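Going in written order, the chains are labelled A, B, C, D, E and F, and every chain counts its residues from 1.
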Amino acid sequence: MIAIAIQFASACFGIGLLLNLWVMARTGTPGDKVLALDTMVINAIALMVLYGLSHGTAVYFEAVIIIAMFGFVSTVAYARFKLRGNIIE
Amino acid sequence: MMHLIVLPVVLPAILAPFIIMAIRHHMDLQRIFSLAGTVALVAITLTLLAQAATGDIQVYELGNWPAPFGIVLVLDRLSALMIALTALLGLAVLLYVIGTDWDLKGRHFHPLFQFQLMGVMGAFLTGDAFNLFVFFEVLLIASYGLMIHGGGARRLRAGVQYVVYNLLGSTLFLFALGTLYAVTGTLNMADLAERVAVLPADETALIRVGAVLLLVVFAIKAAVLPLHFWLPASYANAPMPVAALFAIMTKVGAYSILRMYTLVFGPDVGSTDGLVGDWLLPAALLTLGAGTLGILGARKIGKLVAFSAIASMGTLLIAISLFTEQATGAAIYYIIHSTFATGMMFLVADLIVSRRGGIIAPGTPMAQNGLIASLFFAGAIALSGMPPLSGFIGKLLVMDGARDADQWALIWGVILIASLVTVVGFARAGSLIFWKGYEAEPPDEGTQETHPAPTSALPFVAVFGLLAGLILLSVFAGPVHDYARATAGQLFDPQEYIGAVLRGGK
Amino acid sequence: MKILQRLVPHPILTVLLTVVWLLLVNHFSLNSLVFGLFLGVVIPFITQPYWPDRPNLRNPWMILQYIVIVLYDIVVANIVVARLILFKRNKNLSPAWVCIPLELRTPEAITVLAATITLTPGTVSADLSDQGHSLLVHCLDAPDPGAVRDEIKDRYERRLMEIFE
Amino acid sequence: MAQIYEILITAFLVISGVFGFVGSYGLIKLDNPMSRLHAPTKATTLGVGGVLIASILYTLMSEGRLSMHELLITLFLLLTAPITANFIAKMHIHRHETPESLPKVGEDQSWATLAPEKHKPEAE
Amino acid sequence: MELLLASAVGIMTACGVYLMLRQRTFPVILGLTLVTYAVNVFLFASGRLAQNLPPVLNPEATAYSDPLPQALVLTAIVIAFGMTAVVVMIALSAYLSARDDRIDMSEDDTYDDEQTADHVDNAEDGA
Amino acid sequence: MSLFLIASLPFLGAIFPALLIRAGRNASAASAGMVTLTALIGLLTNAPAVLRGEVVVARIDWMPGLGLNANFFLDGLGLLFAGLILGIGLLIILYARFYLSRKDPMGQFYTYLLLFQGAMVGIVLSDNILLLLIFWELTSLSSFLLIGFWKHLPEGRQGARMALLVTGSGGLAMIGGMLIIGNIVGSYDLTVILQHKELIQASPLYLPALLLILAGCFTKSAQFPFHFWLPHAMAAPTPVSAYLHSATMVKAGLFLMARMWPVLAGTDAWFYIVATTGLVTMVLGAVIALFKDDLKALLAYSTVSQLGLITMLLGFGTKAAATAAVFHIINHATFKCALFMSAGIIDHSAHTRDIKRLGGLIHLMPLTFTIVLVAALSMAGIPPFNGFLSKEMMLEETLSAVWQGSPYLVAALAVFGALFSVAYSFRYIGHVFLGKRRSDYPGEPHDPGPGLWLAPVFLTFLVVVIGLFPNAVVGPLVQVASGAVIGDGQPVVFYAKLWHGFIPALYMSVVAVVGGFVLLLMQRRLAPLWDAAPRPEAKVIFDALVGGFTSLSRRLSEALHDGALSRYAAIFMVFTLALAAYAYGTGAKGAPNREMLDLTIMPVIGWICLTGATVCVVAFHRNRFLALVLIGVVGLIIALAFNYLSAPDLALTQISVEVVTIILLLLALNFMPKNTPQESSTGRKLRDATLSIGAGLGAGGLIYALMGREFSQPSISEFHLENSYSGGGGTNVVNVILVDFRGFDTFGEIIVLGIAAIVIFAITEAVLASNVRGRLLNREPDMAQAGNPHPLMMVVATRVMMPIALMVAAYIFFRGHNAPGGGFIAGLIAAIAVVMQYMASGYEWAADRQRVYYHGIIGSGVLIAALTGMGSWFAGLPFLTSSFGYITIWPLEKFEWATAALFDLGVFLAVLGAVMLALESLARFAWQPGMDSEHPMEINPARDDADNHEKQEA
């Protein structure tokens, strides 16, 4: 049961990734693109936790933590660039 | 002392961060330390050279892990020679740089210089293919910094090209290493040699691809046509003393070809048969041709010397591409010559550029015209392979080494004609630079000496040092050539190396 | 006391960090606790130049209460928003901007409020006013923006006033 | 007991999957750029949260110990999500909004993103 | 799986190479980045692929993925980062100095000799 | 005196003139003279032995490996030539002392002269052909310096370069020839080679070798068609012309022909090539000489002609001819050198060498006239001077030469040439000295002081003495020299006499003299015809050739190296792909033998995202910002893939490096154009696309092929897996490899990173010190900027995040040895924690709070790593040997310590410092005055309210 649920959740987040990619590829504002990337990071986090879950291992935990932390930094950097041009001022 | 062999890497690796940390703002202290370190390197490498000359191969197992599982440094005749050459050239360049205040154009010359030495030393000493990659990167990234030392729009643009092209090479290096590892499961060069030798027949296609990609990487460094394009603009736009130091970098490429294609993919290895000689020889001949044309057509001194560096690599690679013991002996002699000669000529070029600009055209006579003219003349003699300097002997050796090759006539013809064109090119440049300036006013022996010397004697010490190297190389051509032949013998008997690394190593 | 304040500039942070360490290690032991505490003291000490102000939190009980409320609201928010996205047509949505005048003054408090707004029902904190006295909030579907403003001020800002000021 | 765990875990996973999907779906479904911002920043929070809770429960079930480090991930997300949303909103305001299209500021002059530069560097 | 990875390497290489052949420094750097990704994955895959066999020793594991290429790729990533940083910086400085971000230089676009300029500076310093 | 000393004395002595010039011109000249005299005396000490028929040898092994040895030998031929070189050299040194003006750098002149002299002596004494080649090329080089001595004369420079090119190219050809000979014989020693006539002449390579060697000889000796350089070399000062172009250098070619005569001569090829060339040169040179108005040009062409004569004699291949050749070499040296010196004297005082402006000098310069009279008559072959003797021998030899079946052709042409020699010789006398004294000399012609006339008078004296007493004066010398040329060990009989009776040669001589006299009378009328006659002007052709070749190579070289990196890169791609395809195609590849992983849906989705984003990067690359966002996607998916494929360490690294890279690129993009213009043509895009697809197929295909097969032998990583815990003390094998098994790689890697940061910092300093700084300060942003650069929320959040991030960094660091992580990633996390502060609160504010310089952090990191590595030395173990153990301190559990952690700390610090230094340097570009802010956030109601409160109170 859990296995199927994991499959289901993975599929959901996976499709989410594809939808995000679609936003990336079609025309849109820079804000949309950054938002899509940010969402991809979230989906990626979920997928990695699910992967760890499906194999019953915590060895991928560190990667998730780092992605959670760094996804934020790059999103802010992209946004700052569009807002100010200069991301460190 | 067993740790001596690792010192050429570790000493600059400690010195450079120390300079960065502690004495970043004290140029005088930087100079003292940098110089002291380089002198020490000369002493160390000469000691190692003396040790290697006995014929013993020393293996240093880093981290105390046996090969092929850990990384080893290997000191054989060839690597000992190369590191000694590096140290000597480095010392000359450093003296020159200090004497001309080139290092004052930024605060990081000395650390970058030390790192550059470290990278080159490591590349020559390492016995591990991936570690070779790492040291390539060390020497490259330091060279990027040195190349754009002083800044300026054109230099920076040339710097972009230099970096980008070399990054292509670095990327290819990884592709090659991945391929080699995927086929053989090892990275140690001696182990690679053993495994490649017994490779099953159905693995040859892939190992051949890996081998050839690796060769391309080395050929970039060695400036083999058509992979030499990065060199002219980079060297001509780099600070000339830095370009002088870079004379050893092309040798890293040549060294690596020699090492890998005698040890791992040697002429007797069936699976990689026919990968090198078939095209490297024509490529080397064309390289020599391209360099020579460039010498004749150069408009600037920097380009003139850069192309002569290419030409001299062409000659060297001709010898290497034959992959016979005799020709390799010639190549090793020629490496020494080419390093000193190219280095010296770049320094002379800087003396000229600093006094009258870099364009090869008549101008007013410069300070110390006669002295610099004689140095230029000496450098030109060396680079064009005219007697009495070692270039002539080197050229004879290469030709002599090619006499049993099928294409001996072609090789001789190209070398001789290239030599002639080089002579003409240098004569043209020299007479424009040094003689034509006198058209307006005939020379006057009295007044010529009254110009105050614009710089200290140190630059000339450096140039004369390299010239002395060339002279000694000619005078002691016999012993040097004996060493070179013994080195070639060692290269063509890889079992000794393999045995030392994999079985006798301690 | 001064020395202790110097050494442990943000005591709550120290506690938080120790907890973070224990979570990271994911294995409670004396070693972890000692080491976590050690780092929890050292790291704020090193980084204190970057956090010169010292907000004082007054009411720990209120903090816990606030957290529970927010978590509950987040769950609700997600369901609401999911319904909006899945089942409501775009043209039937009425997005709106809302200006929320602030009584909170400390940056930390304003931040927590803004974060809460963003994490809860159909609202996103978009901007501050140039003196920091108003907060600009975007609502996904707010037929009555005034109600949203009042709810935020009542449900969150009031509690935060008690905690921070 | 295990049964309950399984059901709980499954439930959390399914819920999280649904919300995760909704987050990304909203991103392409909603037609207003500011509205789009709501979709991921809300739905995925619970989406990931659900997975994390499932993971905690799973460890509890299979190893019998409370593995709480997933909470850290939640902590990070809760800490950062508002900031990223704030920045993306600012991007939108900067590009698409004017002082007129936004509500009145109240006692202050303007919204910060649209405010004229305070410390305009002196050109020399 | 292997096919997916190989084709991804191929596509990243192709796209990277295409960008590297553009005429402005910025796309070239982007291309380098892509090619770097490709080669890192390539090098990684030289140890063959394995799923959920991380090379972290534990008593229950029956097999591990090849740790060596992973270590190599790690080194390669770091080195590539350093290289990218430097090339970005040089490209930026070149653009700011020459007001031109073309990667190609023509032989005579700035014929006046900069080497001379170096030394003029030098001479002035000395004076 | 040892031959080594004789050969090296001029070289060693060459520094004296240059040094002693400060002591005065006499000192300089005297030193040069002393050196030469010493060498000459040294030579003469060996003369008795040589004249007895012995061969004096001196050998040193220089490069036995190559066969290049410093072997010298002195036989008759060597004695003759060395004597000429040193003897005439002495006279030239004397003459030059008075010839050169005050303005000429005399020290330099004598130095060059001695260098040249040494090279010449070396040639004639060498017993090793490689050694000989060295001296041979040295003469080309030193003569280049001598000819170009007057730097201010364009003719001098051009003449020098022409001489260098022509003689240099001949020399290079000769290298080829000599090496062939050496290979045939198996030795480069002359004495050995000279004993292998049959072997050489039977070799299929004989003809190429002969041609190559003769190319060297002919160019050096100005034989047709290489004769043209010699007249142009006359731009040199007259002592140089006299020395090089009459007595020595041009005779080097003759010397070599003579030297190699025993093994090369005697074949048809030799005869037809050498004799014909000599004959043509003799005639042609003589004809041209007659019509030259410049005295030195006349002498130059006469030299060409006389050299042709000697060449022809050598070409005959008979003993008698060879003997005649040797004899004429001596005679020509004496009279021609005297004539050159006299021409210099005339030039010196009359300030012109133009025959048309001279005449009647006999009245003003009687002494000079006497010299010229004797020397020129000798040259014309008038008895009783020495020229007559050898010329008559020559004419006699021509009679026995049969050219393609024509018995008299050679003789007739020889007479024809002789006739012209008589004419130009007489012309020198007649048109310069005889006739009426003129009033329009550019200078004041007068006889010179003894310094200038002593040398020519001595030579003239020799002309007479040899003419009168040939056998007594030079007989033994000619005999031993000819013996050496012929080389068959048989004694040579030389007996010259003025009167042989009415032999055919005499008639021929008479015809020549009478005809020559008549020809001279007609010269003034023939000259316009000659001038009008169309003929190739060698210099024009030569210049056109050299100029054309130079500009062709320039164009080729510049077209090839046109600075277009994109083309270089394309060539690189093509070349690499072609080679790889070739390598693959020529090898064998087995079928896949490895089971592949199953395909599930997640990797497919990842694949779509990855390739989709990658393709989008290309499709949208003109929008640089968007391309960067897409790069972020690619990086993210790759991190996922690494994780999926069991490489958590790589995922961690990838994602953290990714962020820093993006920040870096965004920082840079701020100052660069935001869009890439559309520039490539469709054709070019197609080309690039083709190449890219090729590269992609190559890379993808290669890795697919590799993954399909097992390792051919077990991978070394099995050892790493086995020994990681027991030997390295860690369970994260990747990390143990990084800090232990292959710690040296990591050591290099952090150095790369450190250097990168230093380089970036250095560039920043250089650029900000240049005029770019002004532009940056006045820069207007190219995009509208939003207000509130440092939003309150961000500042607050990062204040909380920073300690937490550092905590995570600490965790990643300490866990690294046993779980994914390590110093490198920890360093990146810490760096990003700090960068967040920069981004949130501003560069200025954050930088103010920085306590340790990033330089120092980098330096200490590398030092810690290095010192950790060196620590093992104290245990007598190699660099980077690690050690670990376990400690138990009550009440704590046991914990591990490892030196590898210390090493990893170095890594951590280096990475942290490097990333920060790089980012901070880039950030400095944006700094503008007025940007400094004392507050981290612009909007802070708490602060503002407090301020307002204070204001109200005040």
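Here is the rule we go by: a residue touches a chain if its C-beta (ideal position, glycine included) is under 8 Å from a C-beta of that chain, and two chains touch if they have at least 3 such contacts.
Please read all numbers here as calculations on a predicted model, not as lab measurements.
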Study note, to complete from the structure: Shared touching partners of chain B and chain F are E
Review point. Looking at mean CA positions, which chain is nearest the middle of everything shown?
Key: B
Revision key, fill the gap. At the largest C-alpha centroid distance from chain A we find chain F
Point to revise | Between the pairs C-D and C-F, the one where more C-beta pairs touch | key: C-D
Review point. Looking at C-alpha means, what's the farthest chain from chain B?
Key: C
Review point. If you average the CA atoms of chain A and of chain B, how far apart do the two points sit, in angstrom?
Key: 48
Study note, to complete from the structure: chain A to chain F, mean C-alpha position gap in Å, rounds to 59
**Study point:** CA centroid of chain A to CA centroid of chain D, Å
**Key:** 11
Study note, to complete from the structure: In chain A, the residues touching two or more other chains are 10-11, 15, 17, 30, 34, 58-59, 61, 65, 69, 71, 76, 80, 82-83
**Study point:** Residue list for chain D, restricted to those that touch at least two other chains
**Key:** 18, 25, 37, 67, 69, 72, 75-76, 79-80, 82-83, 86-87, 90, 92-94, 110, 112-113, 115
Revision key, fill the gap. In chain F, the residues touching two or more other chains are 558, 561, 563, 565, 569, 628, 644, 648, 669, 699, 702-703, 706-707, 711, 715-717, 720, 741-742, 745, 749, 752, 755-756, 759, 763, 766-767, 770, 785-788, 791, 793-794, 797, 800-801, 804, 808, 819-820, 922, 931, 939
Review point. In their shared complex, at which residues does chain F touch chain A?
Key: 601-602, 605-606, 608-609, 612-613, 616, 625-626, 628-630, 632-633, 636-637, 639-640, 643-644, 648, 651-652, 655-656, 658-659, 662-663, 666-667, 669-670, 781-783, 785-786, 789, 794, 801, 805, 808, 812, 815, 819-821, 825, 829, 832, 835-836, 838-839, 842-843, 919, 922-923, 926, 931
Check your understanding: Where on chain A is chain F touching in the complex?
Key -> 10-11, 14-15, 17-18, 21, 24-25, 30, 33-34, 37, 40-41, 44, 47-48, 51, 59-60, 62-63, 65-67, 69-71, 73-74, 76-78, 80-89
Check your understanding: In the complex of these two chains, what residues of chain D are touching chain A?
Key -> 6-7, 9-10, 13-14, 16-18, 20-21, 23-25, 27-28, 33, 36-37, 40, 44, 47-48, 50-52, 54-55, 58-59, 62, 67, 69-70, 72-73, 76-77, 80, 83-84, 87-88, 90-92, 94-96, 113
Revision key, fill the gap. The residues of chain F that touch chain C in their complex are 787-788, 791-793, 795-797, 799-800, 802-804, 806-808, 810-811, 837, 841, 846, 849, 851, 891-893, 895, 937, 939-942, 944-945
Review point. In the complex of these two chains, what residues of chain F are touching chain E?
Key: 558, 561-567, 569-570, 573, 594, 596-600, 603-604, 607, 610-611, 614-615, 617-618, 621, 624, 627-628, 631, 634-635, 638, 641-642, 644-650, 653-654, 657, 660-661, 664-665, 668-669, 671-673, 676-677, 679-680, 688-689, 691-693, 695-704, 706-708, 710-711, 715-717, 720-721, 724-725, 731-734, 737-738, 741-742, 745-746, 749-750, 752-753, 755-757, 759-760, 763-764, 766-767, 770, 772, 775-776, 818-820, 824, 911, 914, 918, 921-922, 925
